[in-house]
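In this document, chain identifiers A, B, C, D and E correspond to the written order of the chains, with residue numbering beginning at 1 in each.
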Amino acid sequence: MFAQLIMSGIVNGSVYAVVALGMTVLYRSTTVVNFCHGEFFMLGAFAVLVAQQLFGWTYAGSIVFALAMLFLAGCAIERVLMRPLQNAPHISMAMMTVALSYLLKGISRFFYGREVKPLQPLIGGDPIEIGSVILMPQDVLIAGFSLLVVFGFFYFFQRTETGKVIQAASQTPRGASLVGINVPLLRNLMWGVGALMGAAAGILIAPNTLVYPDMGGHMLIRAFAAMTLGGFGSLPGAVAGALTLGVLENLIGGYISSSLVEITAYLVIIVVLIVRPQGIMGEWRQGRG
Amino acid sequence: ETGVTDTTIRIGMFGPLTGPTAIGSLPLLGAAAIYKDINDAGGINGRKIELSIEDDACDPNKTISATKKLISQDQVFMIHGGWCSGTVMAIKPELARNPQLPFMVLGAASAAISTPVTANIFHPIATTAAVTRTMLDFALSKPKTQRIAIVSHSDEWGKSHITPLLDLMKAKGLEPVESVWLERGSTDATSQLLKIRAAKPDVVLAILYPPELTLYLRDANKYGIKAPTVTTQGVSIEDMVKRVGNPAATKNLFVFYPLSATLDAPKFKKWVDVYRRYYPKEPVETLSFMGMTGALAIVEAIKRSGPQLTREKFMAELNTLRDFDPGIQSGSLTFTPEVHAGISAGKMIYWPVDHPEIIDSYPAAKSQ
Amino acid sequence: MPDPILRISGVDVRYGRTLALSDIDIDLFEGEAVGLLGTNGAGKTTLLNALSGFLRPAAGELRLFGASINRCPPHVIVRRGLLHLSQERDLFGDLTVHDNLRLGSLARAAKSFDRNLERVCHYFPRLKERLRQRASTMSGGEQQMLAIGRALMAEPRVLLFDEPSAGLSPLFVQEIGAMMQALRKEGEITIILVEQNMLLAAQVIDRYYMLRAGRIVARGPASELEKDHEELAREYYL
Amino acid sequence: MLEVRNLTVKFAGLTAVDDLSFTVNQGEVFTLMGPNGAGKTTAFNAIGGFVRPTAGHVALRGQSMAGMSPAQVAALGIRRTFQNNGILREMSVLENVLTGLELSTRSSFWGCALGAPGSARAERDATRRAREMLGQMDIAGLADRPAGDLSFGQQRLVEIARAMVAGAELIMLDEPAVGLSPGERLHLGQVLRELTAKGMTVLLVEHVQDLVMAVSDQILVLNYGKKIAQCPPSEVRNNKDVLEVYLGHA
Amino acid sequence: MDKTLSTSKETGPMTGPPGGSKRMALLALLLLLCLLPLVVNDYLQFVANTMLVYCLVAVGLNVVLGYLGQLAFANAAFFGIGAYAAGLSMVHFGLSFLWATIIGAACGGLAGCLVGLPALRVRGYYLAIITLAFGELMRWLYVHNDPVTFGSGGFNMPQIAVFGVPVDEQGKYYVFLAAVLIGVGATSLLLRSRFGRAFVAVRNNELAALSLGINVNRSKVIAFAWSGLITGLAGALYAALNGRVSPDTFGISQMLMHFAIVMIGGLGSMAGSIIGAVLLTGMPELLRNFPGLEEIVFSLLLIIVLFLMPKGISGFLAGRLPILRERLYRESKDA
């Protein structure tokens, strides 16, 4: 049982990690914490569904379509909604993402309010048994994908010039302009990437959870917890936080009480922040909020 | 009388038209279809029914203001509404403050709504007490069933089932071998399932909404839990089979079934047609018919009250309703001044291969 | 006469409804250094911000190398070769000195990074000692050096200095003066200098413009500044 | 009045202030000078409780200030300005100056919440004093502008006014003249003189020589955290070390 | 109560410099408000009462969010704590409504202190998240402590009576109105005193505030406690308003509603809080006939305001109507 709890915890944690990474990337590059990331998550899954059912596309085609749509949506949102606010107080930007989250949820509820749609697994097949541990092929895919994304971004931010530029632009946008960095373009792209990451996570997990307008909300809070645990803005932190949270949830549910599963994330947040206010891996950077 | 003119009777309705539980708007539509059908057939005693429909989004506070609006702004004759137990519980004080106002529950099942009885609240569906009794009886009808595990939500709805269930079990000298919470919106049920698996139950009583039940069934299949799952009327079998998308995972699922026949049965066609006539685009599910008996009971009581319709007379007539059975619900409806929980029986349904079948006891000894 | 490198004609700048600059006309020729003087709140910084694209003029035209830059965003202007050394410095506080300089060279002169780095370290040996220190922990003067160094890394053709001597010690002020003169000589850099330190200004510039309440109230050759500056101060600043 | 003894501040591997000792007397303007990065601001921070000294101690009127938080230091009657702008951007100029009176406004919490007359009076007095101070600094006209909208130099003036308004015993000004026009510098010099005449003590860090020479009573020159000279302004120009590392031979 | 009312008349809860005409306008408004129950039915009265409660909520949140500038998500929890404390003390201990309200406010204030403590160490988004977690933890406690809190279903409030006289919807209105006048009046007085200035100073620049002798920690705790007190008071009234207290009411959507009210009304503005509260509690009622549009309209409204009125509706109006202008400092009468 222990091994199974750990393994499923890791699989769950991987999904949290992809969600948290999407938010972390955006936070790193714009200092905005995106409260509508959960909706990107939801829209990604819906886009696949729509492409499949309305246009009759193949699964792979639909996924490409969904990712592309969400990338464009992210860019558009930055251009239309966020850019005009770039000089506004930080909380206005946070509220804008909140408003957006309501809007996207409202719209999708308007069309799909009563429906909860199933999505077939990306890869089917029988459960894989390794000793006492049972995993679905989909689970393995999820874990593998998030590993890939994590390393990709880690490399990008830590090793490439562009990564550094993005970080610089987020801390001192005026300074970045002063050295000739196209700050608006960078922001725009990063929003696109953030949305795409959200969609990817959504598509990965949707076969397990079904597709419905509220599917993003619960994920968001887990991602927050993961980010807090690892320290805002830290990529490895987000991943470590997400995996820890996934495993903790399972262990607490399995060994203490299933009533605690839903608040594990919150307990973790509170304990971590009281003991170490900057998260486990976070450097002490003051958020502008 | 309030809400009544020479040609109309105004009835207020509310239900979750929007929000995460918007699926609960289906019973409202079913009831509304009955009213429209009656109107198209000429109305009752020369009066047509006018509906004031409010959205409660399954939110108790919204329901309170909706009720106040129906009562004092729209001046309705009576209210027929409530799919979420929490919303109906929330307006009980308001209803107590307006003892002359008749209230018919639309689909909320919590036993606490009608027990103890409130004079103006009528409950024409199988209450959670009735549902859990049926579920338990069904579970115990399987030979040698000893070990019962429970998985449930911890919200009001979940607890309104758990409480009577545990009481019933205790009365039979039983204890659940394992009892776990699965929260709404969960994306994983591993820890709960492993606990259940470790308890080696003969049967699992699942008090879950559709999304979580889906998750549960899929994971149960994955972890090789073979015990049958018995669940409430909160889900419909067709929907679950579709959602889970894996026949192996649903073949051992038994759902409390509030209706008299499967939706595709010829004898039920009449009701499906009524519903389709007025809501051709809406899904036809078990839920769609849960409000109909209440609506028909209202129509019946209004009819019996005669042309001089008053609330008082109307409630008196409701209280005399005995074995009222239009053929929708699995049992007949009886209201007495002492008992407003009008339906006390139900059946179980399952999906052996490619269509649903109604059964009374396990193993499937067919009842019809 | 050759065409001006930078032409400011009839420029107005507004903050909401208040007019911060009105009808500014300045022409700047290749290799020239022009001083912009004025009391606090006269509008000097506002003018520089308009030139570097952070503010849009409400009227008038700005032309850099013959092309209008009225609607250009800051990064485009920087890439054309106009660098602004701002009063707030706008350094990347969390990055090291080295990274700050590296980013400074990225847009225009990424290839000649090493050469430029050497040059900056030559002007400011202190930076060389502290290449690994985080910019935000540097002392005020050191940050000023870094800001100047970062601007130089881009091999600017026009440099806007907003009080470069702010916070620098007297010895360093002299060195900066020397540096600016050297820049003009070797690199054909054109300079706009905002400065409260008359001595420094007089050393570097050819001509000056005096701003008051958003208007140009006087102009003249640098030699005028070298007369008794107590008197100048009384004349223009009080 | 202020006594600094053997003050040492180290940052990872770097000694920013090295065994610094000096005494400031009441009513004088005491100036710290020195090349960039000599440790002047760090010394200020150590006195004001913003960094913890590695060694040494600081005392005001014989009372040790070891381990005090910035707020406690302020409560002793010490105010400071910041080299990199400590303006409260979203408040008006008048409110900025009013916050300088935080400690000397005798209004109580419940008094304020319930509108008690005593507290209301205290608040009104504070406003009057703040306006007077703005007048003294010649920026009364800016009183209702949001401080964040002011020019750099104007903000400096507000910050100085805010430090001086409460009539603190000791004010520490970190390069107050940066960004000020020559006219304002002259004016600042006058104001400082007036205040010291009333018994206020000033600890000044400044590179602008006109101001330093005009107002200082004592000058201490630092280099690499170490004191290299301490003398009245008239003698500074004769000190070879100082010319060498700081003033240059201009 | 009388005392505060009279003093708030003296200066007016929101009066600033213009003085006279503003005071008259406020008095007239107050009079109109007092007459309102004569012309509305029970339902509209209920809506009006809800608006009053949310006025307090918005004012309470604004203290922390708009003035202290801390991104804290705990106010829905304070709201819940106020409601539960008031409700449970009536149910379990049979306290009278007035005492229960006081207890609700006090518990809110205590919770505020408690949340203020992490705010000393944790800031920015970390604070946002730890406060969010606090709120959810409280909700979990309500759900899983059936014997005390009656679990996920919540509980019904006993009949409300003031000085032994049972109050109906109209009666509640007057009680609520008095509470709002006291709460809003005291808050705006406080904000215009040195305490309010300290809050804003902390928001702008903690280091500078420290150097001015502002006790940053104390200011934070005070602001949180006051915010908790006002919001707890609102919670107690909310319990009385609905006659029912249940845990789901005090979740994240409640919190976002509060945020939206404050942002739409105007950060750091008392008048804005009130405008926002009235607007956003009124809106869902107006949209009753368009189910499904509420979320969309709500978010569009928020987006439009963020776009066109960066300082919220009150900031927008204050640019045009000087009477709405608010200042932090208290102007001397004779200057």
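Quick note on the criterion: a residue touches a chain if its C-beta (ideal position, glycine included) is under 8 Å from a C-beta of that chain, and two chains touch if they have at least 3 such contacts.
Quick caveat: nothing in here was measured; it's all calculated off a predicted structure.
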item: Co-neighbours of chain E and chain A - touch as defined; value: B
item: Touch-network distance, chain C to chain E, counted in steps; value: 2
item: Of A-B and A-C, whichever chain pair has more C-beta contact pairs; value: A-B
item: Approximate Å spacing (C-alpha centroids) for the pair chain A, chain C; value: 43
item: For chain A paired with chain D, centre-to-centre distance based on mean C-alpha positions, whole Å; value: 48
item: Between chain D and chain E, centroid-to-centroid distance (C-alpha), Å; value: 40
item: Averaged-CA centre spacing for the pair chain D and chain C, given as whole angstrom; value: 29
item: Residues within chain A bordering two or more other chains; value: 109, 113, 217, 259, 262
item: Per-residue multi-chain contacts in chain B, two or more chains; value: 18, 154
item: Chain-chain contacts as defined at top; value: A-B, A-C, A-E, B-E, C-D, D-E
item: Residues of chain B that touch chain E when the two form their complex; value: 17-18, 54-55, 59-62, 64-66, 68-69, 71-73, 85-86, 89-90, 92-94, 112, 154-156, 158-160
item: Complex contact set, residues of chain A against chain C; value: 161, 164-165, 167-168, 171-172, 174-184, 285
item: Complex contact set, residues of chain D against chain C; value: 11, 33-38, 41-42, 83-85, 149-154, 156-157, 175, 178-186, 207-209, 245-248, 250
item: Residue numbers on chain A that touch chain E, as the complex places them; value: 33, 81, 84-85, 88-89, 91-92, 94-96, 98-103, 105-107, 109-110, 113, 217, 221, 224-225, 228, 232, 259, 262-263, 265-267, 269-270, 273-274, 277-279, 286-289
item: Residue ranges of chain D in contact with chain E within the complex; value: 48, 50, 69-71, 74-75, 79-80, 82, 86-92, 94-95, 98-103, 105, 107, 109, 112-115, 119-120, 123-128, 131, 162
